[in-house]
Amino acid sequence: MSEPGMGTTDGMGPTTEVGEHTAETKGTGSDLAVHLDGITKRFPGVVANDDVDLRVERGTVHALLGENGAGKTTLMNVLYGLYEPEEGRVVVDGEERTFDSPRDAIDAGIGMIHQHFMLVDPMTIAENIALGNEPTKWFGMAVDRDRIDRDIRDLCDRYGFDVDPGATVEDVGVGVQQRVEILKALFRGADILILDEPTAVLTPQEVEGLYDVLEELTDQGKTIIFITHKLDEATHAADAITVLRDGKSVGTVRPERTSREDLAERMVGREVLLEAESEPVETGDVVLSTQDVVVEDARGVELVSGIDLDVRAGEILGIAGVDGNGQAELVEAITGLRTPDEGTIAYEGADITEWSRRRRIESGMAYIPEDRHERGLVMPFDLVENGVLGSQRSARFSDGGRIDWTGVRDHTEELIETYDVRPPNADADAQSFSGGNQQKFIVGREFERDPSLVVATHPTRGVDIGSTEFIHDRLLELRREGVAVLLVSSKLDEVQSLSDRLAVIYEGEFIDVTDPDTITEEELGLRMAGHQPGTDAVDGPNAGESR
Amino acid sequence: MRKRFRRTRETLARYPLATALGGLVICLLFLWLTPASWQTSTLRLAVPIALAAIGGIFAEKSGVINIGIEGLLIVSSFSAIIAVYWLGNGTTLGLSNLWWGLLIGVLVSVVFALIFAIVCIEFEADQIIAGLAIWLISLGLAPFASRIVFGSPNTANVALFDDVTVPVLSEIPIFGYLLFDTEPQVYIMLVGALAGWYLLARTNFGRWVVASGENPKALDTAGVDVRKIRYAAVLLSGVFAGLGGAGFALGTLGTFTGTGDTAINGRGFIAIATYLLANYHPLGALVGSFLFAGLNSMQDTLQTAGYGLPTELIRTIPHMTVILVLVLVGRTRLPDAAGDHYESGED
Amino acid sequence: MRERLEGVLERLVRASVFHRVVISVAALFAAVLIGGILVFVSGGFASCRAGLDVAGMTFCYNPMQVYYELFFGALGHPLEVGWQLTNGSLATTLQQMTLLIFAGLSVAVAFRAGLLNIGTQGQLVVGGLATAVTVVYAASIVPDGLIGTVVLIPLGVLAGALVGGFYGAIPGALKAYADANEVITTIMLNFIAVGITSTLLSWRFQDPNSNNSQTAPIPEYAEIPTVPVIGFAGRVDFSLLALAFAVALMIAIAWLFARTSFGYELRMSGTQPEAAAYGGVDEKKMTVASMTLSGALGGIAGAFWVLMVHGRWLENVPSIGFDGIAVSVLAGNGPIGVGAAAFLFGVLESGSSRVGTATDVPPELVGILTGLIILFVAMPEFFRMVGRRYVDVGSAEPVRADGGGSGADDGGENDA
Amino acid sequence: IGGFGGESDAEYQVGMVYATGGLGDDSFNDMAKQGVVDARDEFDLAFDEREPGREGEFPSAQRDFAESGDYDLINCIGYAQAEALGENAPDYPDQNFIIVDAVVEEDNVRSYVFEEPDGSFQVGHLAGLLTDREFAAGAGETNPDASTVGFIGGTESALIQSFEAGFRAGVEHANADVNVVSSYVGDFNDTAQGQSSARSMYQNEDADIIFHAAGRTGIGVFQAAQDEGRFAIGVDSDQSLSNEDFADVILASMVKRVDTAVYNAIESVVNDEFEGGAAETLGLEQDGVSAVYGDEIGGEIPQEIKDALEESRQAIIDGEIDVPSEL
């Protein structure tokens, strides 16, 4: 249900809601932990924050909701002293502040857990937590490591964390890493915690755990601001929600007074379909099958431990799992970026285990990589040059070594138009496009390869609702055309709604392959955390995280 | 095969101190079994390599690859010599002029390091290219200046440091005479290596240096100014390289030769290889420098002992060793952000 | 207004060729300026019979004269009467330019592929020896005269390219299959090249009729012939044919980069190796291939050094390979830019001997200048800052409010 | 555009093309320069210099001087210039050249060669006689129990090997039981390596005296001698004078009078007596090479040794002793 005036766009000032909102509590600004007032932040060519107001009450969880590029991160970076706003005031604890650097913000009791974790991988957890705030002994001549350990233990006890301070960060899972980030902020005495998309990489159980932590923190009087573009999270965990769109604030609401549909509409500015429906389709021959695939890392640890799978034409096989459970390596083995240490991979009946990546591309395997910045695009190249990525030797665009750039350009322009890449400029560098548009371009390039198999990893990661919808539609369309699809995603609703069959991967093995329609999200979450169907926990509570 | 090497290497990396100590023990064993002249030569020749390597570790750990370190060795050794030449024998303000020379050598090296730091940090120059430029400039500047002062690319001779004998300790068998009855620059090297290790491993500055090279953004958001850390680390590399160059000049060379590759003759590049082999461990770098210096002085021993291998071929032994070791122990993991600029607020 | 200006600047920055040229020229000027100051000041410490007296000090060197000799001397003093285009100094300049094009291309190919090949020098050294030895031996079985020329020169160049390519492939393979850092291995291989060639020389290839460490001379007809009439006549060790070949090779490499699948893959590997692997490039093979190509170009530089300049291989090969790094960097690793940069360094090389004879300024000056040029080229940001300041001064005061001030009133309004 | 240095308007112009390694080597090139400086002090003369960094630069360096036509004489220092000069000289028939250390048979070239092996024989003789005795002077002393002497060369070239050959013959002439160790550093500029090499000889082989023919690398030999309290023998110039810091360990130097050659050639040009096409051999007889005792400690060498040296010198001049020039 919708508040009056909330369904429309900009015009309706945030004043109403904020006023209403604050009226429910103390009424004046005195108990506001954070008050951002008329913040404007510009980047060359973009206004990332346009006169944004934000009021966060002490001891509450405040969600910041918005599509990709809405300006959420930027706004928080302003609060954290990373950016200097062109206009506006930052008021913390009733006092107007100018933060020149994160140091100032930290000193004012603000801690920020970034979207991409700010951890030094080869350092230990303790070293990371204390970084920049190390207590010293012997007149500053040495780091007081005992004291760090003691302080960390105290914090863990107080907030119910379970981490091993001596472990190296790169060896622990993302769930633990996130707790490290929170501990880092608490360690330096933060009263106001900013969490930027904290749930993007967590299992539903871990997300629940995080909610508990947040509650614990607010009970202790801490203030939380957390950024998300997931509607459920905002409504579930927050005491108040501020929505940003195109750098502008479109109002603050209380979760109990709004609906998902309404929030979605505010975020996007139009009505959106929240779920794609996959209707059953006739499946054909097996296109891809793997047998006993084993992948080891440099140290000889098994990352993929004997996986068998089949994907048929016209079928979407979904693989769900928490990041880091071997799905990336499995996909790399299938697509030819890595040779499996054991096992065979068959494609359209042929054994392709030893095939090069190029040969696999040429035989019609399309691949949407997990990391678009590293793999999917050559960032400093323009879109024309990126349009031929992977096809640079194919007969379509080259004649024995020479690339037909005119043909490539035509193809690229077609892609841009079909997949609605914005701005539609084929000569712009890939790095100048936003994440969502980059993703659309990659998806288009791979889909238009005329593939017989599509391997799609996190095809909509970091992509906003509108683009997600489009990508899902195209994926279903391909399936209808008889293409085999292997879909890897950590977004449960995505794998669940798109897949015909669903496999859950945990520590390099399939826990279960099921019909996605008969399993609940909770069950799925349990499997992702390593629980075999019908049995109890196979491992301790943190098993899914430390590897 | 490769995997095994890599595993060995990782195990070694996991216990750096033990590895360094193990290396040291092996070294001492060698020392016990080899002629004294080889040992003293090794220690002396190790000075510029070890100190430059430790300097290089700080710069690179902080994310600034300093391949101009050869240039720093050149300018510091040259200016140390010329300072002593100008000051003459004797003392100034109660300090021997040799020590003033050392100080001036270090200062000049720090100035060059500062230029390098500004160019790389402030103006975001490509570090490899800027380092190369610093080397080329030094390679030209030292003989250029020498010609103006002496009319020749080579300087006059100056006095050298005398041995300093530590009472009692020098009586220790096997290596007492080596480590405690030697020249100041050798002490500087030994103490420098220890200090470098301590600074890097035990102080908060050391942690910040590591963080700045691995994930500068993490350090920045933890409230530490990455630029300051990088400046400090590069300047520190100037200090260490300066100590190495000036110590080498005033302890061993006694004169600066400016023709060809100058008296430094590629030792700065060997230093880079050394710290890569040592996987950025200062004590490991010390041991590694013994390896290279030892191979060098072994040539002399082999030749004088009359083993008639072609000289030119023997001279390539250290270089071949570097390649061999690189191949066998595999790639050193560069700090993640080494070579990258960092600007606060960049996404 | 400010955004417009920023847009213009942004576009300038984007227009990479123009941008490169502006930066390179600015770097050259900055280096010349600092070098000039250095020359003038150091003249104050030198001793001379007559100089410029300023404030009780005598300055012996005139920077203007130094640069006059350096830049115009290299062209044979074009402003003086009786100047001929085909003079010896210009020949030396073009000779160096020719060699530097090969060396610069060698470095550029590797750099573009993301490999810091510091080893062009070593590749040139071994390639040159291979050329000399091959031609000397082949000359005994090939008829002399025109046939000899036609057979021996391509054969010699091929030998240089093959051996140089092989020597470049070594660090490539070490990098690809043993993860050995190519900067280190190539630096080491430079030293090793000197050791190996000099051992080979004393073992078998030393010219028995000479006390110098060098191979026997190749026959006269196997040297690169000069073009009659328009070419540089006499004993100048330079051939327009060689320069033409270098330019052709330059264009070929540019074409390779821009138009071919291999060039595309090479550039991609250099820019973003993960993306290249994703796009079907075998990273290891590409590393070996691009290092081999780079080494072959280095070997060709050695071949021309032998076939055009000395007619034999000598120990102590000049540092053409290292200068190639400077050339490539100055050119932003672009093949066409390599030509222009090679010309500049040819001028520096040839002009430096003029400086040596015509002035009292130590010849090491040119080394310093080279270093300064590279240093300035390496920091485009510096010139961008200077440029920006210049632009800003001419524009209206930019609007930039800090957080605080202006927002104060709004707060009250919102609360109301 | 004029330089501040001022143009010279001297009557005679001389061009100097030095050997690689350049000025400041305390030996060969500096000696050549000494010759032209002496001549300048004597005659109305100015000179220009070129210091090629490597052999490949010789042809153009010579040509640059010859091409200008301004020079009355071009002095090419070092055997390595022979081939370049052989090709250049016929192109400039009116230009006078000299070459040192090699013979170029052209009408406009006068060649000066030195009998280095003979001079080296002399210092070898000295070293061979001294190593067996108890001898202390300046900062050094011999070890009478061991009779070993050393030779340290720069690069392993034919010329430097001829120094070693003469030196070995001299040592053997003195006492066939004396052990000679030798080593080539591979570089004329690496002082540190020279030091390390010499140290190894003094310490491990118990060498009493080391003769170096290694340019700047030899400085390292002197330093090691001083450190170890042993002796060294210099080369090319009287190094106890040019490196007086080490005069207390420099027993003698094998002096090669390149300065005389250059001076004489200039003098002949000034007197209009220049005679091209001839080769002049400067040996012990002409004092072109000689063992010159150290300025500081040479006086302490026993007279009977000096007499023995004088005797062998005469024997070489008379052809009674045949000194090898190859190893």
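In order of appearance the chains are A, B, C and D, and numbering begins at 1 in each one.
The definition used in the following text is that a contact is a pair of C-beta atoms (placed from the backbone, for glycine too) under 8 Å apart; a residue touches a chain by one contact, two chains touch by 3 or more.
Remember, predicted model here, so these are calculated numbers, not experimental data.
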item	value
Steps in the shortest chain-to-chain touch route ending at subunit C and beginning at subunit A	1
Comparison of A-B and B-C by number of C-beta pairs in contact, larger one	B-C
Whole-Å gap between the CA centroids of subunit A and subunit B	45
Centroid distance [mean C-alpha coordinates] between subunit C and subunit B, Å	29
Chain centre separation in whole Å, for subunit D relative to subunit A (CA means)	76
Centre distance in Å when subunit B and subunit D are each reduced to the mean of their C-alpha atoms	36
Subunit C: positions in contact with at least two other chains	202
Residues of subunit B engaged with two or more neighbouring chains	153, 258, 310, 312, 315
Per-residue overlap in subunit A, given as positions that touch at least 2 other chains	none
In contact (per the touch rule at the top): chain pairs	A-B, A-C, B-C, B-D, C-D
Residue numbers on subunit D that touch subunit B, as the complex places them	21-26, 30, 53, 150, 155-156, 181-184, 186-193, 195-197, 199-205, 216, 219, 223, 243, 245-246
Residue ranges of subunit C touching subunit A (in the complex, touch as defined)	3, 6, 10, 259-262, 264-265, 268, 271-272, 274-282, 400-404, 406-408, 410-411, 414-416
Subunit A contact footprint on subunit B (complex, rising order)	3, 6-7, 10, 202-204, 207-208, 210-211, 214-215, 217-225, 336, 344-345
Contacting residues of subunit C [partner subunit B, same complex]	42, 45-46, 116, 174, 178-181, 183-185, 187-189, 191-192, 194-196, 198-199, 202-203, 325-326, 329, 362, 364-372, 374-375, 377-379, 381-382, 385
Residue numbers on subunit C that touch subunit D, as the complex places them	43, 48-52, 59-62, 64-66, 68, 88, 92, 202, 210-214, 235, 237, 309-310, 314-318, 353, 356-360, 363
